[in-house]
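Structure, as structure tokens:
In order of appearance the chains are A, B, C and D, and numbering begins at 1 in each one.
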Amino acid sequence: MIKVGIIGVSGYTGFELYKLLRRHPAVAIAWLTTESYGGQRLSDVFPCPWDDPLLSLADAPIAEADVVFLCLPHAASMPAVAAVRAAGVKAIDLSADFRIHDAVTYERWYGTAHTQTALLADAIYGLPELHRAEIADASLVANPGCYPTSVILGLWPLAEAGWLQGQIIVDSKSGVSGAGRKPKLSNSFVETNENLSPYSIGYSHRHIAEMEQELGIAEYGMRNANLVFSPHLLPVSRGILSTMYVMLPEAVDEAMVRAAYADTYPGEPFVHLLPAGQVATLHHTVGTNRCAIGLTFVPGTATLIVTSTLDNLIKGASGQAVQNLNVMFGLEETMGLEA
Amino acid sequence: MIKVGIIGVSGYTGFELYKLLRRHPAVAIAWLTTESYGGQRLSDVFPCPWDDPLLSLADAPIAEADVVFLCLPHAASMPAVAAVRAAGVKAIDLSADFRIHDAVTYERWYGTAHTQTALLADAIYGLPELHRAEIADASLVANPGCYPTSVILGLWPLAEAGWLQGQIIVDSKSGVSGAGRKPKLSNSFVETNENLSPYSIGYSHRHIAEMEQELGIAEYGMRNANLVFSPHLLPVSRGILSTMYVMLPEAVDEAMVRAAYADTYPGEPFVHLLPAGQVATLHHTVGTNRCAIGLTFVPGTATLIVTSTLDNLIKGASGQAVQNLNVMFGLEETMGLEA
Amino acid sequence: MIKVGIIGVSGYTGFELYKLLRRHPAVAIAWLTTESYGGQRLSDVFPCPWDDPLLSLADAPIAEADVVFLCLPHAASMPAVAAVRAAGVKAIDLSADFRIHDAVTYERWYGTAHTQTALLADAIYGLPELHRAEIADASLVANPGCYPTSVILGLWPLAEAGWLQGQIIVDSKSGVSGAGRKPKLSNSFVETNENLSPYSIGYSHRHIAEMEQELGIAEYGMRNANLVFSPHLLPVSRGILSTMYVMLPEAVDEAMVRAAYADTYPGEPFVHLLPAGQVATLHHTVGTNRCAIGLTFVPGTATLIVTSTLDNLIKGASGQAVQNLNVMFGLEETMGLEA
Amino acid sequence: MIKVGIIGVSGYTGFELYKLLRRHPAVAIAWLTTESYGGQRLSDVFPCPWDDPLLSLADAPIAEADVVFLCLPHAASMPAVAAVRAAGVKAIDLSADFRIHDAVTYERWYGTAHTQTALLADAIYGLPELHRAEIADASLVANPGCYPTSVILGLWPLAEAGWLQGQIIVDSKSGVSGAGRKPKLSNSFVETNENLSPYSIGYSHRHIAEMEQELGIAEYGMRNANLVFSPHLLPVSRGILSTMYVMLPEAVDEAMVRAAYADTYPGEPFVHLLPAGQVATLHHTVGTNRCAIGLTFVPGTATLIVTSTLDNLIKGASGQAVQNLNVMFGLEETMGLEA
């Protein structure tokens, strides 16, 4: 059994991870920490029957774990990952701190200097569909963001084929759990319910950095493609849908595009390419570790609409972290992740 | 035009009141205050086109108003009402501070001493269907709570007839706006959505004091009726439904009960007695100042089920406050309150 | 008092219209018809206290009305409008049947021939912000669709200025009441709740015809601008948000664009131009007859993101119909439409 | 591997069952039938990646299964169960048809005669916490209703102790999936969302029959206890909460009651007794096969409030059916049912 620790179990991704790992047949949960509930039990913090004790991070017996999952806010994760790695323990970090290879880019988007640049050089971006082999050998995996997973998986076959060009519109909609568990006016029920709110539109959401890095697109104006990313807050608890508009190069037709997607993701257990005529909806993937992708062509134009959906807490966070664990430890990649 | 001030406009009841008063044909809004947004404008605090300045309470020109509405938390309202009354201005207080006639009972339920007992003696409980004449002459009206309005209007004909006896079960369900606008884990979207939570059950919710006072029921064990009040948090923005179970005296039959309700509320513009066979639902009243009441008799038993519903921000708070204004100033009682 | 009849009151737009007209100070409701509930009363069909009788269309005393509102499905409205006009009564048609000036275009999108082409020539597209003068003189007003109202008002200043060019992405999201009241799997609660579904994407939604007509854009490929319109079904009861992406001509800067919007809509009572830094959300307009418009510029690019929102049952249907009534009868345009 | 067939997979319980059985380690799904989608594939009917063919019932190779689950409407299930049993195959029936031992009672509540009374004599009521041993030997299990499971498990310790007396108020609230997948006005989004509706109150809901049978309570007036059952339709997709009010016999105190619950359910894997101070909420159990039960005592009275919650599609239907399968086939009772 692989012994795991979870740092930051009291947020939504932390608890989702706990539930996934609990039923994972090859995992034993060794310890749990929280920022604010140290000394309490899990059942005090979430409506559940599990009485596991919650430690403060300082008391966590890091070295007793084979691998540690970190569910901390960005910036807070840097020293914690360093402590885990210093103990010789593998780390899967769900924060943004080790996703951006370039420390300068990190600092520009996150407004704080990177304090662990040596570790940063070791970190692998944990999207198995793109980086499976490197994840298998990694000791530090930077688990992708929820929006980027939907966008990168949805556009990657086009990027590979060299068909991303010009302006790419990404109109994304996310459920409220993506905003975290800390109470704020913007995620309170009455403000969010029966509402839909664009936010951080106009090239200002931090997740753009990951998308540009992985799709091989430099910042706007610098190369031949630029992303316009518009997130919206949706009145659902979980789920992301990205509706993406791409202008295809002239010689590229529908058959070529469908072939490119099929060839890029052969046998991928967690990518669900929808048949022609279907579009991706939240219900395709909520509660699962899948990303569902639909392709719609606008007749008479070169415009392709890609709809890409996933559960932001599973394929967009904790499920993908378990998938990374499976890859890192040589297990069946779907273990513990059956729908 | 009646000049009004609103103290505490930045909560849900305050803003609802603002919107109702804005379109009230006999009212001019003189000034607005907020606890935390002083110096900003209304459109900074709510998604609306109205740029009214927000004052801090200390800067409010109280005496320029003919009547002041107070939308403050309990305890905070006592000194503010005193200041309004000291300026010779009428007050409609939406807090709990002047609802309970007996200062000792107030202190027991609210955990704080009543500091304005002289004013308390003047205060009229602002439920027009019960106290219309006194409200017309009042200078201080204590606007009822949302749960109590649904319960008192639903049971008042039985109380009048002397048919309340034994244990009365009140199983109430309220939308989240009843919990206020201040962010808390318990009113955040993900915690509330797709959930239903009983809270403060087992004789612990403060609104019991009002219900007992108005229905003429002393505390449990002391008279011949006692209330068991069970509120539940419902995943809707607004609306209260109280499902109430009453064991009728032996000689009382369905026709007598229906007659009692009809006779108690003849021509009441805001009480909607449902015909036999209909039950009250939130959609009967959301967005209106009405209370809808349905009567269902359990065949073969003496049990009457009263379903009573209202919009907690309108008939349960701000609409009722406007109704009280209309009564106090001799206006048509429905003015500004058409659905 | 203007005497009005409503044909098709039992759908969501019909009932919304009824409620607006009920409190309109210059209107008396003369009669109501329904397709399926003839002989019943309004309170049998909706949870409300109003017992108005419901006639079948054949029994409606059309000539007793000064104006008739028609809330029928497309195709069904053509003969009904003809009957109203034959009786010499003004008509405000909420269906699509008289919105498209060109009968061939109508037939192509709606799959049925236009049987009232003579009347079609008289019909005015009822968007007061664009066609106020013609509406004032009209005897037949074709009330716009909900999506088109949000899109046309949001883009009209750009169309006027000649700045619409290339591909315009319109990513729209609508609440479920837009799908009508007839039960279907696609608008049932469990299918819709906690979901988000793109539908009719890829140049297939009928509302495109109106948008192209009013914005002066011919079909894709024929002129210098084409619309890509992607509607999504949103788990809210009411509200539309259109997020629109426009590539501005090179010489056009932010100040020019903001000036164009301000100059196009001076003093418009129902257009709310948001200040810089704000984006439109459903909560800006739900429950009102307003359309709120926000402008966001993507730095370093020529891309303008227009967010435009309205309540699909009010400004997107019944409120706009009342606004048209006010214009047609020379009343204050805001009468009966205060928030 | 146990070979299973599912009759009626296209409803919510059928699809939930499919998903649970798919990941059950000891089960192989042999065939699926539907009433209306014969010839299509599962992915045509639900948003999922599974292409299993859907047969019509007439084409189902019943005898190739070791056990058949039936997810049919009541009355329709009687002949289908008979066909399954005639083929010598075990049956787990999720309809109401075999739950009521007494055919006369069945006919009275369901309005149709029981046509399979011989089979009825063999049927075991499939609530493992009450009837585990008989289920182990059964060839026909009648899977309980969703409301009854929450009510019976919540009150069973009191029934066992002989403490159920007088009037027992059961105020239940259910998510919309309990109403089935067939489109109806009453389960459409706009009618249900932002609403709460009591329905079938006043001793008219059919599930009362099961509750009375299992709790050993005869009909009202005949013994010393009677149930008042009030279901409400809640705007959530899944989950039931029953708030139940019981007047305890005089000599019974809190400690005795807590001991009775603990002693009745020792080691039950799917009954979660909440600690003192906690109440049951939907979030305790949604997505799991558990029933969570909270006990609240009203001080100064003999009133006990039992809150009992479960996921109506899992412990209230398909999860319990899998639990029954496990018991019938001698498997670990929790197999395939980990949260």
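Criterion: contacts are C-beta pairs under 8 Å (C-beta built on N, C-alpha and C of every residue); 3 or more make two chains touch, one makes a residue touch a chain.
Because the structure is predicted, anything quoted here is derived from the model rather than measured.
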{"item": "More contacts between chains, A-B or A-C", "value": "A-C"}
{"item": "Of all other chains, the one whose Cα centre sits farthest from chain A", "value": "B"}
{"item": "Chain A-chain D separation of Cα centroids, rounded to whole Å", "value": "37"}
{"item": "Averaged-CA centre spacing for the pair chain C and chain A, given as whole angstrom", "value": "39"}
{"item": "Chain centre separation (chain A, chain B; CA means) in Å", "value": "46"}
{"item": "Per-residue multi-chain contacts in chain D, two or more chains", "value": "193-194, 235-237, 281, 283"}
{"item": "Chain D residues within the chain A interface of the complex", "value": "19, 22-23, 47-49, 194, 272, 281, 283-284, 287, 290, 292, 338-339"}
{"item": "In the complex with chain D, residue positions of chain B that touch it", "value": "167, 169, 171, 173, 191, 193-199, 201-203, 220-221, 226, 228, 230, 232, 234-239, 241, 243, 245, 247, 279-283, 286, 294, 296-301, 303, 305, 307"}
{"item": "Chain A-facing residues of chain B, complex", "value": "12, 176-177, 181, 183-185, 187-190, 192-194, 235-237"}
